[in-house]
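Beneath this line is the structure, given in structure tokens, with notes to follow.
Note that the chains take the letters A, B and C in the order they are written out, and that residue 1 is the start of every chain.
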């Protein structure tokens, strides 16, 4: 019988049986009750993570609900990142709350690949600013409402988005002016400067 | 044509030696001709007469040359002490490669700095930039001029010596401002402005703390201040002016830009302050000035509060009490056979005594090598002692030793502070000067004045 | 804006070439129009203000961070951190390497405590593979991580003092770090980047040299760390310079996404080891030290408390260490099922997390690395304005960023 390519050949004990935690199904019910039709598909739960998907337009409202609702109290933003699935763009948030043992993963799914836009959550977590800047830098996702959305790692005149799946290094090299590091000196010969010998002759 | 061709064939050393030879030959010929015609003796006599007539100027020039020469070993010794003592407190080894226990490390730092490129940044104000290290370096050197090292051993005995000293100390800040402004660098500018603010603020408590002492001494001459403290260590001014001493030492630390007041060159904040753009020997001058300053401020502390060159107790008197007499003007002839024994026994004993610590504290050193070291050391010490004895009186040698010992205690304290304390912030620094040191200095002044009036009234 | 004339100088490379230096190199003002509201606000300099480049080469920026300070005299009006001088694109590299290689690529991120930066991707991969790690391996992981935490904290305390101008404490910090590094070198064969964690366990079992060094060290560790810190704890200048400096309250700390010591210094007991337990931490006893003040001094004190807790944990691990294998049985080529996994641990600097996506191949589809230094460093822009230049260093050092992690 052909073995599934995804199954380890001599697997040890599995994490999901044995010691792993019980799945927090109460959180699932609470989320379904609070968010209702804003949810974009079913609430998925695996290991220690509960995953919900929302439409990009709903992100601000959903995040505010998750942050402020007294039964949810997701006060701590554990991570914010962009994802390029190859067909669509996503922004993935991870949240933590003292009401549940699970991580909550919120996926703002189905962003337009040509013009990915999503509302910023800096009104709730000002610290998400750099996270959003990084997602913008790497994926070109525009966070509407972030007042400092510029490149953070790559040079300011860089034109590509390196973590996108369609990023190709030769393409990128041809598109970027290669002026990422600002030149300290711009060579220019003033009219009255003495003529210099050609460089190749000197090197020889 | 032939001349240019031969000149271009010379090696670099030859290009130096050949012109020198030519100059020497020309000078010799001129001298011979002068001797024969009788011009030279006449000129020499006139020159000697002029020098004798202007003995004050001659003394000044000689003193400034001596001081300039003296600063070089001083800076090296203080620099080495700092490297080694801070390493000891940091549980490191410190310099240990050049010379025994790395004693030549500081000197080789000097050579290294000489060999480095002297770099002038774009946009710098070149004349000011070049002049600044010299100004910074010359300020402490000029201040050295009035420092009494031993009875009769000083550059100039001015009756306003203390005032002159502070004036020269304040001159250094001009150099720092020049360096900071001309470097065309924002860090340099910040460092220079910090230096100006700090040194001018601390000048006030520094000067005021000494005013109480001046009331007591009745003079501004450093020489006279030392002479006033004659007697045992109980007669030193530190006992009469403890608060004044504390204020003086703290303010002097700030004046010398030493930790915890080294804000002008705070490397973790403004890179190196005014010295950021300097390299090579120009940077070396700043370093030099700093170490000379450390020595100078310690020396002034000793002169003002710790009796300068005076011994803490009169050893001769103590020995006399015990029953021994020690006559510095020793006549070898009176020793008789003892002289022979002394010559035979003392050198070997001294050599072994000098060799023992080397052998004991340096693992892996064979005893004969330690003996060689001991022999060399003994010869150096004996020659030095004999020469000093021949040139100067016993009092001068003794005074110089006491003075140096006391000064290096304070140098060590400054180094210790550097290894221990973090840096204060600029607002804390200024607040400390104006809110604490200045009122304390004023209190010190008024209490001293009041005490003098009361004592006068009681006596009168 | 400044109007420095252009200087015409000879080029350093070619003395016969004349070169014009643009005025902007002296001003730190970018040569392009501002792209965002914030950038326009920052780079419009008013009368009396000055922009100054702190870094990328500066003694106290802990690597290659560049901060553009807008200063008014000695007072910092505003600041703009500029990152990317150490950016290596580790996330992209990981997308093109298989799961075993990911560990060694993530290793140099947090190079002061690299046990942590290699543990997280390993944990994420284990969640994706759905494999359980042997208990002995879990205990060894805890042991190695806590040792590394102590060495990192000892160094932090020295750094903070060094940025305040104290020369000595950093070398006292290095005493502990030296001993621990020697210990871990006996265990892993490396001194800085250990490359010890493996998917499914650890690289090797505890050996005799490691255990004997650990035993020696445990005897005097707590006492000596406390001793060496008296040099700064009881130092008036140090306390005056850090107390009440860079105060964060709880709400702001959560809003700024802080984690680790800066967050706990405000009084929030958020420690991933307890908030979202992983490994064998539920079986171990330890407290989460917190402070209420939220200033630089509290952050410093917290590190000392955490060292004590770590020593306590190591003590328990040594007593509870079970026998057994240290690696789960796994195939050479790892092909996790398609899925997403999020793993987070408590590194010395805060919550270190990895969000991994697999598409069924032997390479991660997306590997997001969340470095606490990156998110902690952000609040330097909030804390510093209004303080002096010297305080910038005290605040930045107390947030303890590691540029290897910040720039990824």
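To be clear about the criterion, a contact is a pair of C-beta atoms (placed from the backbone, for glycine too) under 8 Å apart; a residue touches a chain by one contact, two chains touch by 3 or more.
Bear in mind that the values here come from a model prediction, so they are computed numbers and not experimental data.
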item: Category of the chain touch graph - line, ring, star, complete, other; value: line
item: Chain pair with the most C-beta contacts; value: A-C
item: Between subunit B and subunit C, centroid-to-centroid distance (C-alpha), Å; value: 46
item: CA centroid of subunit A to CA centroid of subunit C, Å; value: 21
item: Length of the line joining the C-alpha centres of subunit A and subunit B, rounded to whole Å; value: 63
item: Two or more partner chains touched - positions in subunit C; value: 21
item: Two or more partner chains touched - positions in subunit B; value: none
item: Subunit C contact footprint on subunit A (complex, rising order); value: 5-16, 18-19, 46-49, 51, 75-79, 81, 83-84, 92, 94, 96, 98, 101, 103, 105, 124-131, 134, 138, 147-157, 162-163, 182, 184-190, 193-194, 196-197, 199
item: Residues of subunit C defined as touching subunit B within the complex; value: 4, 7, 9, 21, 26, 50, 52, 58-60, 74, 161-168, 171-172, 175, 231-232, 235, 237-238, 240-241, 388-393
item: Subunit C contact footprint on subunit B (complex, rising order); value: 86, 89-92, 122-123, 184, 186-187, 190, 194, 259-260, 262-263, 266-271, 418-428
item: For the subunit C and subunit A complex, residues of the former touching the latter; value: 8, 11, 14, 16-22, 25, 30-32, 35-39, 83-84, 87, 89, 91-92, 95, 126-127, 129-132, 134, 200, 254-259, 270, 275-276, 328-331, 334-342, 344, 351, 353, 355, 357, 360, 366, 368, 370, 374-375, 378-379, 382, 407-408
